[in-house]
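Look at the two complexes coming up: chain A is in both, with chain B in one and chain C in the other.
Now for the complex of A and B:
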């Protein structure tokens, strides 16, 4: 996971180096004698860090600087892991409590992921911040698969994405720009609460027409396992056509002058808000868990790297000391003899 | 078909439920009132996309007053 996030960085570095080498070749003025300075710029090190030719401690200095940077990176990843762990504990309780909100709905209205409808919204829930493993790419992958599945039924299907979170947007706008209907960001600035999620659900209901909503999020299982989950919610019109649901409702007495249609409309809107609340919490919990394990991995990688660097550094230092000693001793012996 | 007055005004059920929740929270007495105040704090940004172009983002937040979480629901 850590190497995955490091890849773009090293790519950028490689490009930078490539650019430097190219500009050196095109200017062509420095020549061989200026080699020291040019070498310094191509490796990304200042020329002050490279001692003149023959100096003993040049490579030692570089290795030492590198060790220092690795050490500080390790400190940062360790701190991030601690922060994620403490946030995880709070939000996990909240997420587990919120599961009771959607379960009755699934018992009453059912979950029909295979429903074929004309107008569908795919609500993709992702995180705003990165460095949390593969949770965002997995929800994006599932959303794309859902979209393609819908396309198999016929060409005249109207499917739109509603995206929550910066990272999901960044991935989906690359190839499905025209299919994005709405985007929500900065949702985790204040802690996630029901009011916020229901306001978001309200905005989605108001500004979109749909027959079904499919929500894709990571369900939190444990710190190391998250299940990409699809929750399907049908529109009141579709629910009304469903004999099972309307049959169940007949058992209840409805207060006031509300018709069955109105009750179903209210229910389906409330179901959407509750599922949204649960999905946001589950996804945030998964994000924290994923970040925790990602940061643990990178802390371990940094300490491995530090061990290797320390070994190299000590070995070369020892070697140079030994060489110097031999030179001094053999010089002295030559003078005596 | 008879409609509830709030739906006739263009509110959804969740918007109506939110407005009611805000009113109920306002009626609470002190130790509970401040405990539940955090449940009204809202902050998010949304933007509509038209043909691959994001429109002007709208920020919904309870930090600038607006009467708590329910305040932002009805406006647009």
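Now for the complex of A and C:
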């Protein structure tokens, strides 16, 4: 009777639950976008698909397992959020202190993202680890947009990507594999320092010919807001030659015995290193902030899910107990009567 | 299609005045139109000049004080401070910068940077960097490392000079020689700056 009907019922239930586990977990981790709609619908157990009345601890076991796993996920994401929060504090201080570094260069050379050049490098700064919300996708989106922007002018433009960070590489590899010039990984193993950035800048300058570099990164505004930013740096040849681009660089006297070419070369390389240092710090701070929000959302979703599961579990448990009682009582009543 | 340098915008009278607190990137209309064509759903990205305060315009008379910005990778050491003059260690020697100095780009060598404001003098040893003096009497100094002078140990400096001179003499190729030369230069400058033999 009851046990007979429990078996097919619980098998249906298992398929329903485990079939949906992956999608719920991943949307929980991503958290921010689209999570709301999914969470709103079900925990995999709509009332119509519960095991029929009388099915007992077989379904209870499944729900209990699920509750255990959701609880442990909740603990993990909460811990990740706290780790991200503490890392954020440190690196935010560093990023804010470094904000003055690129300002003299922009004051001198201007900020001209619309410059038309033949050879361009797009430096995409992304994170190595995941679970940090949408920051890497937004950086990659803007890099691709910049690439297409250049393509609008004509087919003979040479544009290459230089990627910093695993996640950016993973996304750009899918359709632009041949266009990736260089890749830097594991940049955050030791904390970001200026020496490291100047070495990276050195490598990029040595191995690539370019007229302009456009660096795409996430600028940290606050824990919940990051803005994709594009910093443009021109090569020394462009600075020297094209007066229209740099305005009145001629008005500046060069102090010292070096020629103007040498000084401008050093200037442009130094600008690149400084901008890269600030960009990497800002991106790392944005990564920590985004991870904090993502993990916060995930924890909240997990606790919501746990509440729903608990209610469902209790309901089914109480229903089965009630059914047993009814059977016993009606059996007893039949005997008496 | 061209864009003009930030400093020049304020200077020329025919330009469009941008009297905002934060600067705007020189983004042409064509760029905006192109952006709409390729990426209609994304906002335009931000540019660094959106996050930078606008520089003061070129004054008609020489101002009384010089505005100094001294930045390091690790911090914004001096931000828009009004001082009398600064002395920077340019490659051609110590260069004094007073208000109304002609616009200059100077590369710095290791040496002492001193900021004078009345009787108040602050001295730093800078490793190297750049100094820009703009027409509006704003001096930007960018250095990689700068340390106040009292943090140095004379014995370490003497040892450093000897060590790097030795390395320079026994260098096998140009790269090593150049590195050793840099070491000698920095330590000798330190020695001279601190006035030790």
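What we mean here is this: the second predicted complex is superposed on the first by the 267 of 337 C-alpha atoms of A that agree within 3 Å, B and C clash if a C-alpha of one lies under 4 Å from a C-alpha of the other, contacts with A are read in each partner's own complex, and residues count from 1 in each chain.
As a convention for this text, a residue touches a chain if its C-beta (ideal position, glycine included) is under 8 Å from a C-beta of that chain, and two chains touch if they have at least 3 such contacts.
The structure presented is a predicted model; accordingly, all values stated were derived computationally and were not measured.
Between chain B and chain C, C touches the greater number of residues of chain A. By the touch criterion defined above, A:194 reaches both chain B and chain C. In the superposition on chain A, contact of A:259 is made with chain B only, not with chain C.
Contacts of A:135 after superposition on the shared chain: neither chain B nor chain C is touched. Of the two partner chains, neither chain B nor chain C is touched by A:117. In the superposition on chain A, contact of A:270 is made with both chain B and chain C.
Using the contact criterion defined above for the overlaid structures, shared-chain residue A:84 touches neither chain B nor chain C, since it reaches no partner.
When both complexes are overlaid on chain A, the residue A:302 reaches neither chain B nor chain C.
In the superposition on chain A, contact of A:182 is made with chain B only, not with chain C. When the shared chain is aligned, chain C comes close enough to touch A:148, but chain B does not.
Of the residues of chain A, those at positions 194, 257-258, 266, 270 touch chain B in one of the two structures and chain C in the other.
Touching chain C in their complex are the following residues of chain A: 94, 97-116, 141-142, 145, 148-149, 152, 194, 216, 219, 227-232, 244-249, 251-258, 263, 266-267, 270, 274-275, 277. Per the touch definition, chain B reaches chain A in the complex via residues 1-4, 7, 12-15, 17-18, 21, 38-49, 51-52, 54, 57, 59-60, 62, 69-70, 72-73, 76.
Residues 1-8, 11, 23, 25-28, 30-31, 34-35, 37-39, 42, 45-52, 55, 69, 71-76, 79, 90-92, 95, 102-107, 129-130, 132, 134-135, 138, 140-142, 144 of chain C touch chain A in their complex.
Residues 173, 177-178, 180-187, 189-191, 193-196, 198-203, 205-207, 257-259, 261-262, 265-266, 269-270, 272-273 of chain A are the ones touching chain B in the complex.
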